[in-house]
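Read through the structures below before going on.
Note that chain A is present in both complexes that follow, paired respectively with chain B and with chain C.
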Partner chain A sequence: MLKTVQSLFNGFLGAVSVTSIEFPATQVPSSNPNTLDDYEEGTWTPSIGRSSTFGTYTPGVLDGGAYTKIGNVVYFSGRADGSSSGASGGVWVVRGLPFPTVNNASIGRGPCLIIENDVTLSNSRIMQGTNDIQAPTLVDTAATRYFSGFYYIS
Partner chain B sequence: MTIEQKIEVVSIEISKNGIVHVVTEESFMVNKVVKSKTQNRQGFVPGDDVSAQPQNVQAICNVAWTSEVIAAYKNNIGV
Partner chain C sequence: MTTEKQKVVDQINVSENGIVFYREATLTIEDGVQLSQSYHRTSLIPGQDLTGQPTEVVAIANTAWTTQIISAYQAAQAAQGV
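Then we have the complex of A and B:
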(Lines of atoms letter the chains of each structure in order from A and count residues from 1; the text may use other names and numbers.)
(Lines give C-alpha, C1' and ligand atoms only; values in the text may rest on other atoms or scores of the structure.)
Protein backbone atom coordinates (compact mmCIF):
# COMPACT_ATOMS: atom_id res chain seq x y z
CA MET A 1 0.00 0.00 0.00
CA LEU A 2 2.76 2.44 0.97
CA LYS A 3 4.58 1.69 -2.26
CA THR A 4 1.42 2.44 -4.20
CA VAL A 5 0.97 5.76 -2.39
CA GLN A 6 4.62 6.59 -2.96
CA SER A 7 4.31 5.86 -6.66
CA LEU A 8 1.22 8.04 -6.91
CA PHE A 9 2.89 10.97 -5.15
CA ASN A 10 6.14 10.70 -7.07
CA GLY A 11 4.37 11.84 -10.21
CA PHE A 12 3.26 15.10 -8.59
CA LEU A 13 5.66 16.14 -5.88
CA GLY A 14 9.14 14.97 -6.74
CA ALA A 15 11.07 13.35 -3.92
CA VAL A 16 8.67 11.48 -1.65
CA SER A 17 9.48 8.79 0.87
CA VAL A 18 7.30 6.96 3.33
CA THR A 19 8.60 9.28 6.07
CA SER A 20 8.46 12.71 4.43
CA ILE A 21 7.02 14.81 1.65
CA GLU A 22 9.30 17.40 0.07
CA PHE A 23 7.81 20.54 -1.47
CA PRO A 24 9.79 22.78 -3.83
CA ALA A 25 11.68 25.70 -2.24
CA THR A 26 9.47 28.08 -4.18
CA GLN A 27 5.78 27.43 -3.79
CA VAL A 28 3.79 26.41 -6.84
CA PRO A 29 0.37 27.75 -5.82
CA SER A 30 -2.68 25.63 -6.50
CA SER A 31 -6.10 27.13 -7.19
CA ASN A 32 -7.73 23.96 -5.86
CA PRO A 33 -8.89 24.62 -2.27
CA ASN A 34 -8.45 20.93 -1.44
CA THR A 35 -4.78 20.87 -2.34
CA LEU A 36 -1.87 21.26 0.07
CA ASP A 37 0.71 23.12 -2.02
CA ASP A 38 3.38 24.28 0.44
CA TYR A 39 5.14 23.53 3.68
CA GLU A 40 8.11 25.39 5.12
CA GLU A 41 9.72 25.83 8.49
CA GLY A 42 12.52 28.12 9.56
CA THR A 43 13.55 31.12 11.59
CA TRP A 44 12.85 34.82 11.12
CA THR A 45 14.40 38.04 12.36
CA PRO A 46 12.11 40.37 14.34
CA SER A 47 12.89 44.03 14.93
CA ILE A 48 11.07 46.95 16.55
CA GLY A 49 10.40 50.45 15.28
CA ARG A 50 7.58 52.74 14.26
CA SER A 51 5.36 52.23 11.23
CA SER A 52 6.16 55.60 9.58
CA THR A 53 9.88 56.05 10.17
CA PHE A 54 11.14 52.72 11.41
CA GLY A 55 14.44 53.90 12.90
CA THR A 56 17.32 51.69 13.96
CA TYR A 57 16.80 48.59 16.04
CA THR A 58 19.53 47.23 18.32
CA PRO A 59 18.72 43.56 18.94
CA GLY A 60 18.95 41.74 22.24
CA VAL A 61 21.18 38.70 22.60
CA LEU A 62 18.19 36.31 22.77
CA ASP A 63 16.31 37.80 19.82
CA GLY A 64 14.92 35.42 17.24
CA GLY A 65 11.83 33.75 15.93
CA ALA A 66 10.55 30.54 14.36
CA TYR A 67 7.78 29.83 11.90
CA THR A 68 5.95 27.04 10.16
CA LYS A 69 4.02 27.70 6.97
CA ILE A 70 1.34 25.22 5.95
CA GLY A 71 -0.45 26.14 2.74
CA ASN A 72 -1.62 29.74 3.12
CA VAL A 73 -1.27 29.96 6.92
CA VAL A 74 1.86 30.97 8.83
CA TYR A 75 2.32 30.11 12.52
CA PHE A 76 5.04 32.05 14.29
CA SER A 77 6.60 32.90 17.60
CA GLY A 78 9.50 35.13 18.53
CA ARG A 79 11.37 37.27 20.96
CA ALA A 80 12.73 40.82 20.59
CA ASP A 81 14.36 42.28 23.69
CA GLY A 82 16.29 45.13 22.08
CA SER A 83 15.71 48.86 21.83
CA SER A 84 14.87 51.28 19.05
CA SER A 85 16.28 54.71 18.21
CA GLY A 86 15.37 57.34 15.66
CA ALA A 87 11.87 55.95 15.13
CA SER A 88 8.94 58.34 14.66
CA GLY A 89 5.40 58.62 13.35
CA GLY A 90 2.67 56.02 13.12
CA VAL A 91 2.59 53.36 15.82
CA TRP A 92 5.06 50.89 17.30
CA VAL A 93 5.43 47.71 15.27
CA VAL A 94 7.26 44.42 15.44
CA ARG A 95 8.58 44.04 11.89
CA GLY A 96 9.91 41.12 9.92
CA LEU A 97 7.16 38.48 9.83
CA PRO A 98 8.49 35.72 7.57
CA PHE A 99 5.91 36.25 4.79
CA PRO A 100 3.76 39.27 3.85
CA THR A 101 0.26 39.16 5.28
CA VAL A 102 -2.65 39.03 2.86
CA ASN A 103 -3.65 42.54 1.77
CA ASN A 104 -7.29 42.19 2.73
CA ALA A 105 -9.02 44.09 5.54
CA SER A 106 -11.28 41.16 6.40
CA ILE A 107 -8.72 38.37 6.75
CA GLY A 108 -5.35 40.17 6.70
CA ARG A 109 -5.71 41.46 10.24
CA GLY A 110 -5.72 39.31 13.31
CA PRO A 111 -4.85 39.21 16.97
CA CYS A 112 -1.32 38.59 18.13
CA LEU A 113 -0.21 37.92 21.66
CA ILE A 114 2.67 40.11 22.83
CA ILE A 115 3.97 39.90 26.39
CA GLU A 116 6.35 42.67 27.43
CA ASN A 117 7.98 42.56 30.85
CA ASP A 118 5.31 40.06 31.98
CA VAL A 119 2.44 42.30 30.85
CA THR A 120 0.16 41.35 27.96
CA LEU A 121 -0.02 44.32 25.58
CA SER A 122 -3.51 45.41 24.61
CA ASN A 123 -4.63 45.96 21.04
CA SER A 124 -1.71 44.14 19.42
CA ARG A 125 -2.60 42.92 15.95
CA ILE A 126 -1.20 41.68 12.71
CA MET A 127 -1.63 44.21 9.91
CA GLN A 128 -2.87 43.53 6.39
CA GLY A 129 -0.48 43.85 3.44
CA THR A 130 2.63 44.18 5.61
CA ASN A 131 5.03 42.06 7.57
CA ASP A 132 4.22 43.98 10.75
CA ILE A 133 2.55 43.38 14.07
CA GLN A 134 1.11 46.63 15.41
CA ALA A 135 1.77 47.13 19.10
CA PRO A 136 0.50 50.60 20.09
CA THR A 137 1.32 50.19 23.79
CA LEU A 138 4.84 48.85 23.36
CA VAL A 139 7.69 50.72 25.07
CA ASP A 140 10.77 51.75 23.12
CA THR A 141 13.38 50.75 25.65
CA ALA A 142 14.96 47.33 26.01
CA ALA A 143 12.48 44.89 27.55
CA THR A 144 11.69 41.20 27.57
CA ARG A 145 9.18 40.65 24.77
CA TYR A 146 7.62 37.45 23.51
CA PHE A 147 5.05 37.14 20.77
CA SER A 148 3.15 34.47 18.90
CA GLY A 149 0.25 34.14 16.51
CA PHE A 150 -0.77 33.07 13.06
CA TYR A 151 -1.93 34.77 9.88
CA TYR A 152 -2.97 34.25 6.29
CA ILE A 153 -0.87 35.05 3.26
CA SER A 154 -2.21 35.78 -0.22
CA MET B 1 37.26 15.45 10.69
CA THR B 2 36.41 18.84 9.23
CA ILE B 3 33.41 20.83 10.40
CA GLU B 4 32.24 23.66 8.19
CA GLN B 5 29.51 26.27 8.46
CA LYS B 6 28.09 27.93 5.35
CA ILE B 7 25.68 30.87 5.32
CA GLU B 8 24.34 32.08 2.01
CA VAL B 9 21.47 34.13 0.62
CA VAL B 10 19.42 31.62 -1.37
CA SER B 11 16.64 33.89 -2.55
CA ILE B 12 15.33 37.44 -2.43
CA GLU B 13 11.56 37.66 -2.79
CA ILE B 14 9.53 40.77 -3.59
CA SER B 15 5.80 40.89 -2.99
CA LYS B 16 3.34 42.90 -5.09
CA ASN B 17 3.40 45.86 -2.68
CA GLY B 18 7.20 45.94 -2.48
CA ILE B 19 7.89 43.97 0.71
CA VAL B 20 11.28 42.27 0.34
CA HIS B 21 12.17 39.01 2.06
CA VAL B 22 15.75 37.80 2.16
CA VAL B 23 16.02 34.04 2.61
CA THR B 24 19.29 32.82 4.08
CA GLU B 25 20.34 29.22 4.46
CA GLU B 26 22.80 28.02 7.10
CA SER B 27 24.39 24.60 6.64
CA PHE B 28 26.67 22.60 8.89
CA MET B 29 28.87 20.04 7.20
CA VAL B 30 31.05 17.28 8.60
CA ASN B 31 33.63 16.04 6.11
CA LYS B 32 31.73 17.86 3.34
CA VAL B 33 28.49 16.03 4.19
CA VAL B 34 25.56 18.29 5.15
CA LYS B 35 24.39 17.31 8.63
CA SER B 36 21.93 20.09 9.29
CA LYS B 37 20.35 22.94 7.41
CA THR B 38 18.21 25.86 8.66
CA GLN B 39 16.52 28.67 6.82
CA ASN B 40 16.04 32.26 7.99
CA ARG B 41 13.72 34.92 6.60
CA GLN B 42 14.29 38.62 7.11
CA GLY B 43 11.66 41.05 5.87
CA PHE B 44 11.90 44.71 4.85
CA VAL B 45 9.10 47.04 3.83
CA PRO B 46 9.38 49.86 1.26
CA GLY B 47 11.41 52.73 2.71
CA ASP B 48 13.26 50.68 5.35
CA ASP B 49 16.95 51.34 5.93
CA VAL B 50 18.79 48.43 4.30
CA SER B 51 22.26 49.98 4.38
CA ALA B 52 23.51 47.20 6.67
CA GLN B 53 22.34 44.49 4.25
CA PRO B 54 24.44 42.75 1.55
CA GLN B 55 25.07 44.76 -1.63
CA ASN B 56 22.72 42.66 -3.78
CA VAL B 57 19.88 43.14 -1.29
CA GLN B 58 20.46 46.91 -1.30
CA ALA B 59 20.54 46.96 -5.10
CA ILE B 60 17.24 45.11 -5.41
CA CYS B 61 15.55 47.30 -2.81
CA ASN B 62 16.77 50.44 -4.56
CA VAL B 63 15.24 49.27 -7.83
CA ALA B 64 11.99 48.00 -6.31
CA TRP B 65 11.36 50.87 -3.94
CA THR B 66 10.52 53.79 -6.17
CA SER B 67 9.01 56.83 -4.48
CA GLU B 68 5.62 55.69 -5.86
CA VAL B 69 5.98 52.23 -4.29
CA ILE B 70 6.99 53.72 -0.94
CA ALA B 71 4.10 56.19 -1.03
CA ALA B 72 1.60 53.48 -2.00
CA TYR B 73 2.81 51.22 0.79
CA LYS B 74 2.58 53.95 3.43
CA ASN B 75 -0.83 54.97 2.13
CA ASN B 76 -2.02 51.35 2.39
CA ILE B 77 -1.01 51.07 6.04
CA GLY B 78 -2.34 54.53 6.81
CA VAL B 79 0.80 56.46 7.78
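Then we have the complex of A and C:
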Protein backbone atom coordinates (compact mmCIF):
# COMPACT_ATOMS: atom_id res chain seq x y z
CA MET A 1 0.00 0.00 0.00
CA LEU A 2 2.73 2.41 0.99
CA LYS A 3 4.75 1.54 -2.09
CA THR A 4 1.68 2.04 -4.23
CA VAL A 5 1.07 5.46 -2.73
CA GLN A 6 4.71 6.39 -3.19
CA SER A 7 4.56 5.17 -6.78
CA LEU A 8 1.55 7.35 -7.40
CA PHE A 9 3.29 10.33 -5.87
CA ASN A 10 6.44 9.58 -7.81
CA GLY A 11 4.44 9.34 -10.99
CA PHE A 12 2.30 12.41 -10.58
CA LEU A 13 4.00 14.64 -8.08
CA GLY A 14 7.67 13.74 -8.23
CA ALA A 15 9.65 12.08 -5.44
CA VAL A 16 7.70 12.28 -2.15
CA SER A 17 8.51 10.36 1.03
CA VAL A 18 5.44 9.00 2.80
CA THR A 19 5.79 7.53 6.28
CA SER A 20 2.19 7.54 7.46
CA ILE A 21 -1.32 8.53 6.50
CA GLU A 22 -3.46 10.14 9.18
CA PHE A 23 -7.24 10.11 9.03
CA PRO A 24 -9.54 12.33 11.10
CA ALA A 25 -10.46 11.00 14.55
CA THR A 26 -14.05 11.02 13.35
CA GLN A 27 -14.69 9.45 9.97
CA VAL A 28 -15.80 11.67 7.11
CA PRO A 29 -17.68 9.08 5.04
CA SER A 30 -17.25 9.02 1.29
CA SER A 31 -19.75 7.50 -1.12
CA ASN A 32 -17.00 7.00 -3.69
CA PRO A 33 -16.15 3.28 -3.80
CA ASN A 34 -12.58 4.12 -4.77
CA THR A 35 -11.95 6.25 -1.69
CA LEU A 36 -10.40 5.02 1.56
CA ASP A 37 -12.10 7.20 4.18
CA ASP A 38 -11.25 5.71 7.56
CA TYR A 39 -8.61 3.88 9.56
CA GLU A 40 -8.69 3.18 13.29
CA GLU A 41 -6.96 0.85 15.75
CA GLY A 42 -8.18 0.09 19.24
CA THR A 43 -9.28 -2.43 21.83
CA TRP A 44 -12.60 -3.96 22.85
CA THR A 45 -13.87 -6.17 25.64
CA PRO A 46 -15.51 -9.50 24.81
CA SER A 47 -17.93 -11.27 27.12
CA ILE A 48 -19.80 -14.57 26.94
CA GLY A 49 -23.45 -15.38 27.59
CA ARG A 50 -26.63 -16.71 25.99
CA SER A 51 -28.41 -14.79 23.27
CA SER A 52 -31.81 -14.69 25.03
CA THR A 53 -30.84 -14.05 28.64
CA PHE A 54 -27.21 -13.06 28.57
CA GLY A 55 -26.46 -13.60 32.25
CA THR A 56 -23.36 -12.41 34.08
CA TYR A 57 -19.90 -12.91 32.68
CA THR A 58 -16.89 -13.17 34.97
CA PRO A 59 -13.83 -12.33 32.86
CA GLY A 60 -10.50 -14.12 32.92
CA VAL A 61 -7.33 -12.20 33.78
CA LEU A 62 -6.09 -12.33 30.16
CA ASP A 63 -9.38 -11.29 28.55
CA GLY A 64 -9.25 -8.59 25.93
CA GLY A 65 -9.53 -7.83 22.26
CA ALA A 66 -8.09 -5.64 19.53
CA TYR A 67 -9.47 -4.33 16.27
CA THR A 68 -8.41 -2.50 13.15
CA LYS A 69 -11.01 -0.76 11.03
CA ILE A 70 -10.11 -0.06 7.43
CA GLY A 71 -12.87 1.64 5.50
CA ASN A 72 -16.00 -0.47 5.96
CA VAL A 73 -14.23 -3.64 7.17
CA VAL A 74 -13.33 -4.47 10.78
CA TYR A 75 -10.63 -7.01 11.61
CA PHE A 76 -10.68 -8.28 15.17
CA SER A 77 -9.17 -10.77 17.55
CA GLY A 78 -9.70 -11.49 21.19
CA ARG A 79 -9.55 -13.76 24.16
CA ALA A 80 -12.28 -14.60 26.68
CA ASP A 81 -11.32 -17.19 29.27
CA GLY A 82 -13.99 -16.46 31.86
CA SER A 83 -17.25 -18.15 32.83
CA SER A 84 -20.90 -17.26 32.59
CA SER A 85 -23.68 -17.57 35.15
CA GLY A 86 -27.41 -17.02 34.97
CA ALA A 87 -27.52 -17.26 31.18
CA SER A 88 -30.38 -19.05 29.43
CA GLY A 89 -32.21 -19.42 26.13
CA GLY A 90 -30.97 -19.04 22.59
CA VAL A 91 -27.39 -20.03 21.93
CA TRP A 92 -23.98 -19.11 23.32
CA VAL A 93 -22.58 -15.88 21.98
CA VAL A 94 -19.39 -13.88 22.32
CA ARG A 95 -20.68 -10.32 22.69
CA GLY A 96 -19.18 -6.88 22.34
CA LEU A 97 -17.75 -6.54 18.83
CA PRO A 98 -16.39 -2.97 18.54
CA PHE A 99 -18.79 -1.95 15.74
CA PRO A 100 -22.19 -3.44 14.88
CA THR A 101 -22.16 -5.71 11.84
CA VAL A 102 -23.99 -4.56 8.74
CA ASN A 103 -27.67 -5.51 8.92
CA ASN A 104 -27.74 -7.34 5.62
CA ALA A 105 -28.36 -11.07 5.15
CA SER A 106 -26.01 -11.31 2.16
CA ILE A 107 -22.90 -9.67 3.63
CA GLY A 108 -23.65 -9.20 7.34
CA ARG A 109 -22.94 -12.79 8.30
CA GLY A 110 -19.66 -14.61 8.12
CA PRO A 111 -17.40 -17.19 9.68
CA CYS A 112 -15.41 -16.60 12.84
CA LEU A 113 -12.63 -18.81 14.12
CA ILE A 114 -12.99 -19.70 17.80
CA ILE A 115 -10.55 -22.06 19.49
CA GLU A 116 -11.59 -23.29 22.92
CA ASN A 117 -9.21 -25.44 24.93
CA ASP A 118 -7.30 -26.25 21.72
CA VAL A 119 -10.45 -27.33 19.88
CA THR A 120 -11.84 -25.36 16.95
CA LEU A 121 -15.54 -24.77 17.56
CA SER A 122 -17.83 -25.72 14.70
CA ASN A 123 -20.46 -23.42 13.24
CA SER A 124 -19.16 -20.26 14.90
CA ARG A 125 -20.32 -17.24 12.96
CA ILE A 126 -20.76 -13.51 13.01
CA MET A 127 -24.40 -12.48 12.88
CA GLN A 128 -25.92 -9.61 10.94
CA GLY A 129 -27.05 -6.34 12.54
CA THR A 130 -25.60 -7.13 15.95
CA ASN A 131 -22.42 -7.19 18.02
CA ASP A 132 -22.51 -10.94 18.60
CA ILE A 133 -20.53 -13.93 17.44
CA GLN A 134 -22.71 -17.01 17.63
CA ALA A 135 -20.90 -20.00 19.14
CA PRO A 136 -23.39 -22.90 19.55
CA THR A 137 -20.84 -25.45 20.76
CA LEU A 138 -19.10 -23.25 23.32
CA VAL A 139 -18.95 -24.51 26.91
CA ASP A 140 -20.11 -22.36 29.80
CA THR A 141 -17.22 -22.96 32.15
CA ALA A 142 -13.92 -21.14 32.28
CA ALA A 143 -11.74 -22.17 29.34
CA THR A 144 -8.98 -20.84 27.16
CA ARG A 145 -10.69 -19.21 24.19
CA TYR A 146 -9.19 -17.32 21.28
CA PHE A 147 -11.10 -15.89 18.36
CA SER A 148 -10.53 -13.80 15.28
CA GLY A 149 -12.33 -12.76 12.13
CA PHE A 150 -13.49 -9.83 10.09
CA TYR A 151 -16.81 -8.34 9.04
CA TYR A 152 -18.48 -5.52 7.15
CA ILE A 153 -20.15 -2.56 8.80
CA SER A 154 -22.75 -0.16 7.45
CA MET B 1 6.93 17.26 34.98
CA THR B 2 3.34 16.15 35.30
CA THR B 3 1.96 13.20 33.40
CA GLU B 4 -1.71 12.37 33.53
CA LYS B 5 -4.13 10.10 31.73
CA GLN B 6 -7.57 11.30 30.77
CA LYS B 7 -10.42 9.08 29.62
CA VAL B 8 -13.17 10.66 27.57
CA VAL B 9 -16.10 9.25 25.63
CA ASP B 10 -15.50 11.01 22.32
CA GLN B 11 -18.00 9.18 20.09
CA ILE B 12 -21.46 7.75 20.68
CA ASN B 13 -23.44 6.30 17.78
CA VAL B 14 -26.71 4.45 17.45
CA SER B 15 -27.27 2.04 14.57
CA GLU B 16 -30.56 1.91 12.70
CA ASN B 17 -31.65 -1.11 14.73
CA GLY B 18 -30.77 0.45 18.08
CA ILE B 19 -27.26 -0.80 18.87
CA VAL B 20 -25.43 1.87 20.84
CA PHE B 21 -21.67 1.87 20.26
CA TYR B 22 -19.22 4.30 21.71
CA ARG B 23 -15.52 5.05 21.75
CA GLU B 24 -13.52 5.90 24.82
CA ALA B 25 -10.27 7.76 24.16
CA THR B 26 -7.45 7.56 26.67
CA LEU B 27 -5.15 10.55 26.39
CA THR B 28 -1.68 10.66 27.93
CA ILE B 29 -0.81 14.29 28.69
CA GLU B 30 2.54 15.57 29.93
CA ASP B 31 2.76 19.18 31.07
CA GLY B 32 -0.30 20.02 29.04
CA VAL B 33 1.01 18.38 25.86
CA GLN B 34 -0.74 15.30 24.50
CA LEU B 35 1.83 12.54 24.04
CA SER B 36 -0.41 9.72 22.86
CA GLN B 37 -3.94 8.47 22.65
CA SER B 38 -5.60 5.08 22.41
CA TYR B 39 -9.15 3.93 21.77
CA HIS B 40 -11.43 1.39 23.39
CA ARG B 41 -14.81 0.56 21.86
CA THR B 42 -17.94 -0.83 23.44
CA SER B 43 -21.23 -1.81 21.83
CA LEU B 44 -24.54 -2.38 23.59
CA ILE B 45 -27.55 -4.18 22.16
CA PRO B 46 -31.10 -2.89 22.80
CA GLY B 47 -32.26 -3.87 26.26
CA GLN B 48 -28.79 -4.75 27.55
CA ASP B 49 -27.91 -4.10 31.18
CA LEU B 50 -26.36 -0.62 31.40
CA THR B 51 -24.76 -1.02 34.81
CA GLY B 52 -21.32 0.58 34.85
CA GLN B 53 -21.70 2.36 31.51
CA PRO B 54 -20.83 6.08 31.22
CA THR B 55 -23.66 8.46 32.15
CA GLU B 56 -23.92 10.03 28.70
CA VAL B 57 -24.12 6.60 27.07
CA VAL B 58 -26.85 5.50 29.46
CA ALA B 59 -28.86 8.62 28.65
CA ILE B 60 -28.69 7.98 24.91
CA ALA B 61 -29.44 4.27 25.26
CA ASN B 62 -32.48 4.95 27.43
CA THR B 63 -33.77 7.34 24.80
CA ALA B 64 -33.04 5.10 21.83
CA TRP B 65 -34.26 1.85 23.36
CA THR B 66 -37.99 2.13 23.10
CA THR B 67 -40.09 -0.96 23.68
CA GLN B 68 -40.58 -1.21 19.92
CA ILE B 69 -36.84 -1.04 19.20
CA ILE B 70 -36.05 -3.71 21.77
CA SER B 71 -38.79 -6.00 20.48
CA ALA B 72 -37.76 -5.50 16.86
CA TYR B 73 -34.12 -6.23 17.66
CA GLN B 74 -34.97 -9.41 19.55
CA ALA B 75 -37.28 -10.55 16.76
CA ALA B 76 -34.59 -9.94 14.15
CA GLN B 77 -32.06 -11.93 16.11
CA ALA B 78 -34.52 -14.76 16.70
CA ALA B 79 -35.12 -14.88 12.96
CA GLN B 80 -31.40 -15.55 12.49
CA GLY B 81 -31.62 -18.49 14.85
CA VAL B 82 -29.88 -16.88 17.82
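Throughout what follows, the second predicted complex is superposed on the first by the 136 of 154 C-alpha atoms of A that agree within 3 Å, B and C clash if a C-alpha of one lies under 4 Å from a C-alpha of the other, contacts with A are read in each partner's own complex, and residues count from 1 in each chain.
Quick note on the criterion: a contact is a pair of C-beta atoms (placed from the backbone, for glycine too) under 8 Å apart; a residue touches a chain by one contact, two chains touch by 3 or more.
Keep in mind the model is a prediction, meaning the values are calculated, not measured.
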Query raised in the report: Touch check for A:S148: first (chain B), second (chain C), both, or neither?
Result: neither
Query - Contacts of A:Y67 with chain B and chain C, given as first, second, both or neither - result: both
Query raised in the report: Is A:T26 contacted by the first partner chain B, the second partner chain C, both or neither?
Result: both
Query raised in the report: Touching A:G96 in the superposition: chain B (first), chain C (second), both, neither?
Result: both
Requested in this report: Report for A:S77: first if it touches chain B alone, second if chain C alone, otherwise both or neither.
Outcome: neither
Query raised in the report: Does chain B (first) or chain C (second) touch A:T137, or do both, or does neither?
Result: neither
Report task. Determine where on chain A the residues touched by chain B overlap those touched by chain C, and list them. Result -> 25-26, 40-45, 51, 54, 67, 90, 95-100, 103, 127, 129-132, 154
Query raised in the report: Hey, which residues of chain A end up touching chain C in the complex?
Result: 25-26, 40-45, 51, 54, 67, 90-91, 93, 95-100, 103, 109, 127-132, 134, 154
Requested in this report: Would you pull the chain C residues touching chain A in the complex into a rising list?
Outcome: 10-11, 15-17, 19, 21, 23, 25, 38-45, 48-49, 76-78, 80-82
Query raised in the report: Tell me, which parts of chain B touch chain A in their complex?
Result: 10-11, 15-17, 19, 21, 38-43, 45, 47-49, 74, 76-77, 79
Report task. Using the touch definition up top, name the residues of chain A that touch chain B in the complex. Result -> 25-26, 40-45, 51-52, 54, 56, 67, 89-90, 95-100, 103, 127, 129-132, 154
